[in-house]
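When the chains are written out, they are named A, B, C and D in that same order, and each has its own residue count from 1.
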Amino acid sequence: MSDPDLKKLKEEVFKANLKLLEEKLVIFTFGNVSGINRKRNIIAIKPSGVDYSRLSPADMVLVSLDGKIIDSDLNPSSDTRTHLQLYRAFPEIGGVVHTHSRYATILAQACMPVRCLGTTHADYFYGDIPCTDVISDEAIRKDYEKETGSLIIDTFKRLGLDYKFMKACLVASHGPFAWGNSPDEAVFASLILEEIAMQNCFTRLLNPSIKSIKAVLLDKHYLRKHGKDAYYGQKKS
Amino acid sequence: MSDPDLKKLKEEVFKANLKLLEEKLVIFTFGNVSGINRKRNIIAIKPSGVDYSRLSPADMVLVSLDGKIIDSDLNPSSDTRTHLQLYRAFPEIGGVVHTHSRYATILAQACMPVRCLGTTHADYFYGDIPCTDVISDEAIRKDYEKETGSLIIDTFKRLGLDYKFMKACLVASHGPFAWGNSPDEAVFASLILEEIAMQNCFTRLLNPSIKSIKAVLLDKHYLRKHGKDAYYGQKKS
Amino acid sequence: MSDPDLKKLKEEVFKANLKLLEEKLVIFTFGNVSGINRKRNIIAIKPSGVDYSRLSPADMVLVSLDGKIIDSDLNPSSDTRTHLQLYRAFPEIGGVVHTHSRYATILAQACMPVRCLGTTHADYFYGDIPCTDVISDEAIRKDYEKETGSLIIDTFKRLGLDYKFMKACLVASHGPFAWGNSPDEAVFASLILEEIAMQNCFTRLLNPSIKSIKAVLLDKHYLRKHGKDAYYGQKKS
Amino acid sequence: MSDPDLKKLKEEVFKANLKLLEEKLVIFTFGNVSGINRKRNIIAIKPSGVDYSRLSPADMVLVSLDGKIIDSDLNPSSDTRTHLQLYRAFPEIGGVVHTHSRYATILAQACMPVRCLGTTHADYFYGDIPCTDVISDEAIRKDYEKETGSLIIDTFKRLGLDYKFMKACLVASHGPFAWGNSPDEAVFASLILEEIAMQNCFTRLLNPSIKSIKAVLLDKHYLRKHGKDAYYGQKKS
């Protein structure tokens, strides 16, 4: 693989996968990051079930957006078709992450959204992070991994959510997916998701009747960081 | 900035911000410490949204007590006006800290005070650490960060609390603020707050009907450390 | 002990015991791993109550499948007869682990199975991980450690479970046992068990009415990794 | 202090205090270990409120069993009179530890004993670890620290407990005390206490109606390690 763009993509995806492990979002082989080159419509993704300690950038598997493995002897992650489905439906994302990180998975298993209970959440996600319904038997039997992607996409449609402002979704009985402009930003979204999921769990245990924060406070925090008149952080020059 | 007093202030504030990260009270850029030079009425505070790894003492932003940025190209923390409001209302404090530390934030999101449930708490805070009401829509729209400070100040007035004996406050749906005689002491108060908030959460989950400890026990512990006849620690010479 | 097969077994068992400590599944001397040489019908197991820091491979105690200590001045783990009972009843296992790892023990103390609440679980264990009944007074008085093994075996019979697809069991009021093809795989099963037990505890606290996942989803995940048409991971050559 | 016995005592007590910090049973100055020389009736204890980083063995304060400071400019721990009370009432103990370790303190704040819910507990403590009543106003006003010791002693009398088989007690609204034959063994008891207190909290949250394990199982586990026919561990030669 001498193509410099794809080599760079593999390196980004490799680093992002390592970061999952370093940040303790995954143990063993629980999780995967992919990235896409939108000009070529090719993604790079972690191979399936290989220990992180034995991976190098060259091992990342290239797969075309329509699902063909390009020039690799390794199987891509078994979740590849879920990633592809998200890249097709969300045209501006550059990276996708799937983990079984502890508290996001706990909420997914409890079939509960990550309610927006405070400004820590509102700083990064514009409202409750949804949890899908449990996948149907039919979808499991048909094409499980692809249908998992469709389930996320349908949940976003049903709830009227914009993937640019809501960069994560819990899949019921399964775990979290997150995305961003790049593999690295998708990992960042996963890290924030895990932190707020942890706070969510214990806030709800302490006060089961707590509601999502009001719209005015959500808007204030989300928009001061991500709105067109954002004043958080430094001026972009 | 060749002024030695302000240089020293910046160094103190820088170190205190690093300590937040080392002690795991913050992840990423979640939190900020400021300090004040009371003779000059100038505070130093962390710049907004800059990674801790890229900060040096010189990057701390100087802001006058009435809110003017002094000699800096960086924006100060977006929470600066909250800090300033506290410095104006609490004339003897020398440092302010805001974090999203886990358990203090959990209680803030649950809209619950940190009840004084034991001597670990009573050794450092003279009674329940209050949680404000949720900020009003009007206050959010007017001047959100300044009004967050006013909300803390009003809560202290309403409850008859003295900021010298109660060095922290939870802001509902948001997170904790703490203060002290110096930036370093404000960080110390934040660390103790987080530890007792953790113990608070689980004590209340185990025994939801538990009450704050009785006044005699609170007085004994707080005053043996902080009262005029304190006998904890070593004689000050 | 100059026999190379038994020397190798001792080394495997020693390394697996160390791994328990490194992975924080045990503190102090809480736990033990054994392995078996099926040709010889000899197991190697950690000696009883000796600090991990003072152990070497040579200290692993060899015991025949019918319970005789072979050539050692050290007592084997007090749980040895439980291990032997499992090796006799489960003829294809090569390693057994007992720990008091936190969350698996918490569920065992609560007398609750580890419900299969998500795909993280379904990827490794084919359904709920059972919890035995509390051991009878008679069994305790008769031959406690051997009877603990029998209790696990009887539980598997009663529930119609196959030890090859369900590589762990909680003993009520006690803690977890796990097994695998080798000492190392038994440790791996213990690690996965602890992770999913942790997620189990908090999922159930958040949603006490949550049920085990449906059979179709369980089959999909377990069989894509462990079934005859498994497609997870890389082709075995 | 050239007396070799007392020098040795100071060293033991110093090391045991450091271990509290290393094992994360204490943060800052939360906690203290003492040891006694029974021939001299002199204890050594950590000085009050001094950072662990600034302590050396020579700083340990010697106090006679009737409470007189011997040859030191430093104040002993403010809890010294509690320690002395325990040494007087429990004539065979050699070390005492007080901490605010997380889960033991949580149970103390919840005014709950550490129920004996499993064999992890039964291996080290012979039954439920008691929690005292809340100390009376009169006792607080009279001689708070001494009366805290008396409260523990009275609780043991009331419940018919033997301090040799029950080496810890929770003080309601306060935290744990533990003891042993030496300062090091008292620290060990504190570590085990914290581990089982953690498991206790979550077991009770999951199954609030869970009862202490039955006497036959308690006897089996405690006595196989600590009874006269103990068979756990290695033969003492």
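We take it that a contact is a pair of C-beta atoms (placed from the backbone, for glycine too) under 8 Å apart; a residue touches a chain by one contact, two chains touch by 3 or more.
Remember, predicted model here, so these are calculated numbers, not experimental data.
Both copies, subunit B and subunit D, contribute mostly unmatched positions to the interface they share, with under half of the numbers common to the two.
Using mean Cα coordinates as chain centres, the one most removed from subunit A is D.
Between subunit A and subunit D the centroid-to-centroid distance comes to 48 Å (mean Cα coordinates, whole Å). Subunit A and subunit B, compared by their mean Cα positions, are separated by 34 Å.
Multi-chain contact residues, meaning those touching two or more other chains, occur in subunit B at positions 205. Under the stated contact rule, the graph of chain-to-chain touches is a ring, a single cycle where every chain has exactly two partners.
All chain pairs that touch, listed by label, are A-B, A-C, B-D, C-D.
The residues of subunit D lying in touch with subunit B in their complex are 27-28, 30, 47-50, 74-75, 78, 100, 102-103, 105-112, 134-135, 137, 140-141, 144, 173-175, 201, 204-205.
Taken together, the subunit A residues at the contact with subunit B in this complex read 117-120, 191-192, 195, 198-199, 202-203, 205-207, 210, 213-214, 216-217, 220, 224-225, 231-235.
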